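Order as written gives the chain letters A, B, C, D, E, F, G and H; numbering starts at 1 within each chain.
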Amino acid sequence: MKNLVGIIMGSDSDLKVMQDAAKTLEELGVSYEITVCSAHRTPDEAHKFAATAASRGLKVIIASAGGAAHLAGAMAANTTLPVIGVPINWKLDGLDALLSTMQMPPGVPVATVGIDNAKNAALLAAQILATSDENLMKKMEDYKKKMAEGVIAKAAKLQELGYKEYLESK
Amino acid sequence: MKNLVGIIMGSDSDLKVMQDAAKTLEELGVSYEITVCSAHRTPDEAHKFAATAASRGLKVIIASAGGAAHLAGAMAANTTLPVIGVPINWKLDGLDALLSTMQMPPGVPVATVGIDNAKNAALLAAQILATSDENLMKKMEDYKKKMAEGVIAKAAKLQELGYKEYLESK
Amino acid sequence: MKNLVGIIMGSDSDLKVMQDAAKTLEELGVSYEITVCSAHRTPDEAHKFAATAASRGLKVIIASAGGAAHLAGAMAANTTLPVIGVPINWKLDGLDALLSTMQMPPGVPVATVGIDNAKNAALLAAQILATSDENLMKKMEDYKKKMAEGVIAKAAKLQELGYKEYLESK
Amino acid sequence: MKNLVGIIMGSDSDLKVMQDAAKTLEELGVSYEITVCSAHRTPDEAHKFAATAASRGLKVIIASAGGAAHLAGAMAANTTLPVIGVPINWKLDGLDALLSTMQMPPGVPVATVGIDNAKNAALLAAQILATSDENLMKKMEDYKKKMAEGVIAKAAKLQELGYKEYLESK
Amino acid sequence: MKNLVGIIMGSDSDLKVMQDAAKTLEELGVSYEITVCSAHRTPDEAHKFAATAASRGLKVIIASAGGAAHLAGAMAANTTLPVIGVPINWKLDGLDALLSTMQMPPGVPVATVGIDNAKNAALLAAQILATSDENLMKKMEDYKKKMAEGVIAKAAKLQELGYKEYLESK
Amino acid sequence: MKNLVGIIMGSDSDLKVMQDAAKTLEELGVSYEITVCSAHRTPDEAHKFAATAASRGLKVIIASAGGAAHLAGAMAANTTLPVIGVPINWKLDGLDALLSTMQMPPGVPVATVGIDNAKNAALLAAQILATSDENLMKKMEDYKKKMAEGVIAKAAKLQELGYKEYLESK
Amino acid sequence: MKNLVGIIMGSDSDLKVMQDAAKTLEELGVSYEITVCSAHRTPDEAHKFAATAASRGLKVIIASAGGAAHLAGAMAANTTLPVIGVPINWKLDGLDALLSTMQMPPGVPVATVGIDNAKNAALLAAQILATSDENLMKKMEDYKKKMAEGVIAKAAKLQELGYKEYLESK
Amino acid sequence: MKNLVGIIMGSDSDLKVMQDAAKTLEELGVSYEITVCSAHRTPDEAHKFAATAASRGLKVIIASAGGAAHLAGAMAANTTLPVIGVPINWKLDGLDALLSTMQMPPGVPVATVGIDNAKNAALLAAQILATSDENLMKKMEDYKKKMAEGVIAKAAKLQELGYKEYLESK
């Protein structure tokens, strides 16, 4: 089976954050590939990754970078697949990466998620795939329900224990 | 034919910006609906819009809001469809809307585009639909080519005229 | 006796901060309930909490959240009770939560206190209740006096010890 | 009848913004007084305003200021009534006023609303009064309903006219 | 001999930073008093401190505070002595304190120094006193010379050791 | 009579703002000189201005600059006179000038006033001179009183006219 | 003669700002080429421009862009020539472009100048060329002298006219 | 052989960061000198360093500073050599140093690199020298290739190990 999602990181130091994207896709049964490739240090590889993405079967690209975070934009410049950008907190609490990823010119969108929010990048990729995959859509709905149940269970536990005991139990 | 994209604005004052999303979808032949609905002033309508979106046939939601921009998040809370957020510049150059739209908690992604960047929201929606629509994918590739040609034509004109005459000709 | 104040947190990770609100209300003898409920992960529960708040006897709601902090806004959208928002520092030193909580559209106010300032949220709730409760108003005045006396005592101690010994004594 | 709300502005240049607070209170039938008084240029008057507020019958104070916006804090320092702060945009898009108003130390809360958001200050004041005034609470609910109806009417008009004609009709 | 400089801190937690101001004044032989007094928690004491400062013989006031840092402004409102403000980093890297201290309205200046820069507050106070005290002016010049010599000595040491050994020697 | 205050601007485009400093000093009868001199374009002149300031009789220097606003720092580096910095809004709402002026290293203070706040620079200079000039101190007290009376008069007018007529009368 | 400097703009809307770079190079007699080329809309052209720059004889590249300003970084990724970046103010006062241009990863520098500061980009390019061109170095020194003389002349005029007449004469 | 690059630090506390510049120049075989010199504490030495730089044989100056980072600007004011500025993170995540270094007035450029990015300063200096030194240009190209190979090797290792084992192997 071909991989549907490509995760590409500007530096292997992003992996500590981005492993959450991989894990989440695994949980949802979405096939993916993951690699390191810098828009600035390996521009040819970055270009090739994006330009061949569709023909390799990818449907969505997730790109992470910190600082002057150009990787997601470099992907979007070279493919018409949807590109999801994850700004990585390297300096300035991630504000530089956030703006570098999100403020793309009209014509070349990047779907930006929150700072270091690798999980949301994976969920968004799955939601995109689910627009044409009923089975996956059902999984997303289940995921959402389970997430809600998790919060509700915490609320119940808080009622039961009171806040002091709850805090101690954590 | 059912509409595939829902454009929802937090205020009708967003329309001046968001008309670009509608126009771009029209250019690409993507059917859409457009409405006004506030997460804060009409929360029940907002809830209903999101909760019934999938069953009405929508595949992607585009939500715009300014200030404490919660509309995209409110959509994402109530659907598993991909939600694209457009931060509108109302105060603080749009920084408040940007952060309110993008910094979603793990579990509930919003695909945020740049401040006031309605066109990119539409293109992203089309890219998402194109992941399962070869015809639309081709249109996106054409759009990208035409965009490139437009820049190349400007470059040629600049070579021909020189910068002074170019500026006067604008 | 019915609870007068509802404390609602977007995540149980807020509790470490928000316990100060609970403690302060206890000190002032104000009855409260406390729960976890996310605007994004459990929107129905959030809606229900707000929509039934008045009929359950609540007079004031305190809502905390980090990041794209929508919980206070979601409360305010669904009740006419005064809603106090506490921006939680999750990312960006809490700037995102601050703006998401405070920059509400005209028509739907949230009474925002400082970042992580749970104590002030509780005091504000008590002040609001005290506008129609002379006994509580007296307690607030006593609280204020005691607080002043605490500062004055520190000043006296600093005069007595000098700054070097004062620092060592801490 | 005694005034229930005191509106105090740090400068008469705030009045252009703050008239919305007055108008909104008038619409809701809430009696108020309005004055100019600077924490920095007339500290004695500011002190007196706050210190006598409760005995004059005020239940809530609304204070606006720009820049190093200390007026709301100066009110809160000298009364136990709830104080609502309105940060005024004078410089830096109002960011200075926002932080000066909101980041109060533990013990002395200011209920901060959005930048230049005088209407929300008035509505919050009314919500506070309504916690012990059923009649006013009903008015607040009506206000909320009317506001929702206004949005819904706009949505209907947008459906009817389409976005192009809607924009022209504005 | 009367004290010439009054150091006033909004909280005794500032003392860890502000002890540098005291030490620097001691080094320069400038008499001072130091106390804790909050614009928000002990407004009457703050008022009294400022209002009686000149008659007690003070020539300059140094005021430190964090967050919505109003203490320097409260001093300046109640005296015509020069007031030096030290923004303390409590939240947001001190940006809130910086803006709250510096952005005073026309008519009521505060001489703001850098975040947590207690030493500069003391030096500025001494420079102000030195405008009418030749002996102190000479001390300031000596201080400046010694400071330069310290940097020059470091440069010489760096030339001698090379950067690697220099770093190890620290 | 020798000039007591030196006003130095980084660019003659600052003069539109800085004329307020000159006017205020004139009102207070404080003699001053005013010139243009750039830390970056005329560093030798800037150096000379600062290095000879004390011997020319100046007691205080006011320096304004925008952007990477180094002029006040360049003054402070070359004199032990108190230096007042006025950050000029050239770009970024003046945030760059503010930080460039204020965040001086320990050892070399600049007394920073608010963005474009030339009047406060002049008042601060006068307050500094007044620490050894009783006559000027009295003038400062009168100035403060008059300023308070101005606010009080506005308050009275507002009571008399009501806010609607007041706004129309402006 | 081959062109030594390449000016490349991300959009022809930058030209209004960037013409200053062209004019300044003309004044200094430095040959240049100027074109429009987007890192996002024409990535192949951008790549080619950078990859062939050295072989075409260029010695320095000046690249301007706004928003998620990747053009300078895209140049630097594909050449070892020095690349000068000019952040263009498109949104957020240019803060996004500034951070996108400057915060490059270790290994791939961009020499960033101030927001919209096209003149400084040209001067920096000339300074770089002048490191191996004595004639140009002399021109740079003359430029610097003339600039200083310009400021000194303004200072003289200000002394002569006084500030009031000076302002009127502008 | 004369040194070609001068590294000048505003404080010896910068050395921990700036040693990377020295190491990188050593790797590239570029001769350099390194010293400590403050624009504010030793302005005469700073002036002398810049004013004699060209005659001593320097071709490029690298200047680092934190806070109100004026050292690079002070260099640029006194030489026509290209000056590279390194903003050091001392307070505010380095935002103050960044703006103080980069926002220079038209006429006096500073080539600013990223916050604490000493390596990029050295590489930029080498690139500038390489514009007239073919041998060095070749080294820069080799450096770039090796850097790319490093990233490619990491990508290969990631493919081989998978992300989990890769993370453990770090």
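As a convention for this text, contacts are C-beta pairs under 8 Å (C-beta built on N, C-alpha and C of every residue); 3 or more make two chains touch, one makes a residue touch a chain.
Small disclaimer: the values here were computed from a predicted structure and weren't measured.
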| item | value |
| --- | --- |
| Given subunit B and subunit G, the chains that contact each of them | A |
| Between F-G and A-G, the pair joined by more C-beta contacts | A-G |
| Centre-to-centre distance between subunit H and subunit A (centres being mean Cα positions), rounded to whole Å | 34 |
| CA centroid of subunit B to CA centroid of subunit C, Å | 36 |
| Multi-chain contact sites of subunit A, meaning residues that touch two or more partners | 38, 41, 67-68, 91-93, 95, 102-104, 107-108, 110, 114-115, 147 |
| Chains touching one another, given as label pairs in label order | A-B, A-C, A-G, A-H, B-C, B-D, B-G, C-D, C-E, D-E, D-F, E-F, E-H, F-G, F-H, G-H |
| Contact set on subunit H toward subunit F in their complex | 10-11, 38-41, 43, 47, 66-70, 73-74, 76-78, 90-92, 95-97, 99-105, 107-108, 110 |
| Footprint of subunit F on subunit G - complex, ascending | 89, 93-95, 114-116, 147-148, 150-152, 154-155, 158-159, 163-164, 166-167, 170 |
| Parts of subunit B lying in touch with subunit D, wherever the complex brings them together | 12, 15-16, 19, 22, 34-38, 41-42, 44-45, 67-68, 91-93 |
| Residue ranges of subunit D touching subunit C (in the complex, touch as defined) | 20, 54, 59-60, 80-82, 84, 98, 102-104, 106-115, 117, 119-121, 123-124, 127-132, 137, 140-141, 143-144, 147 |
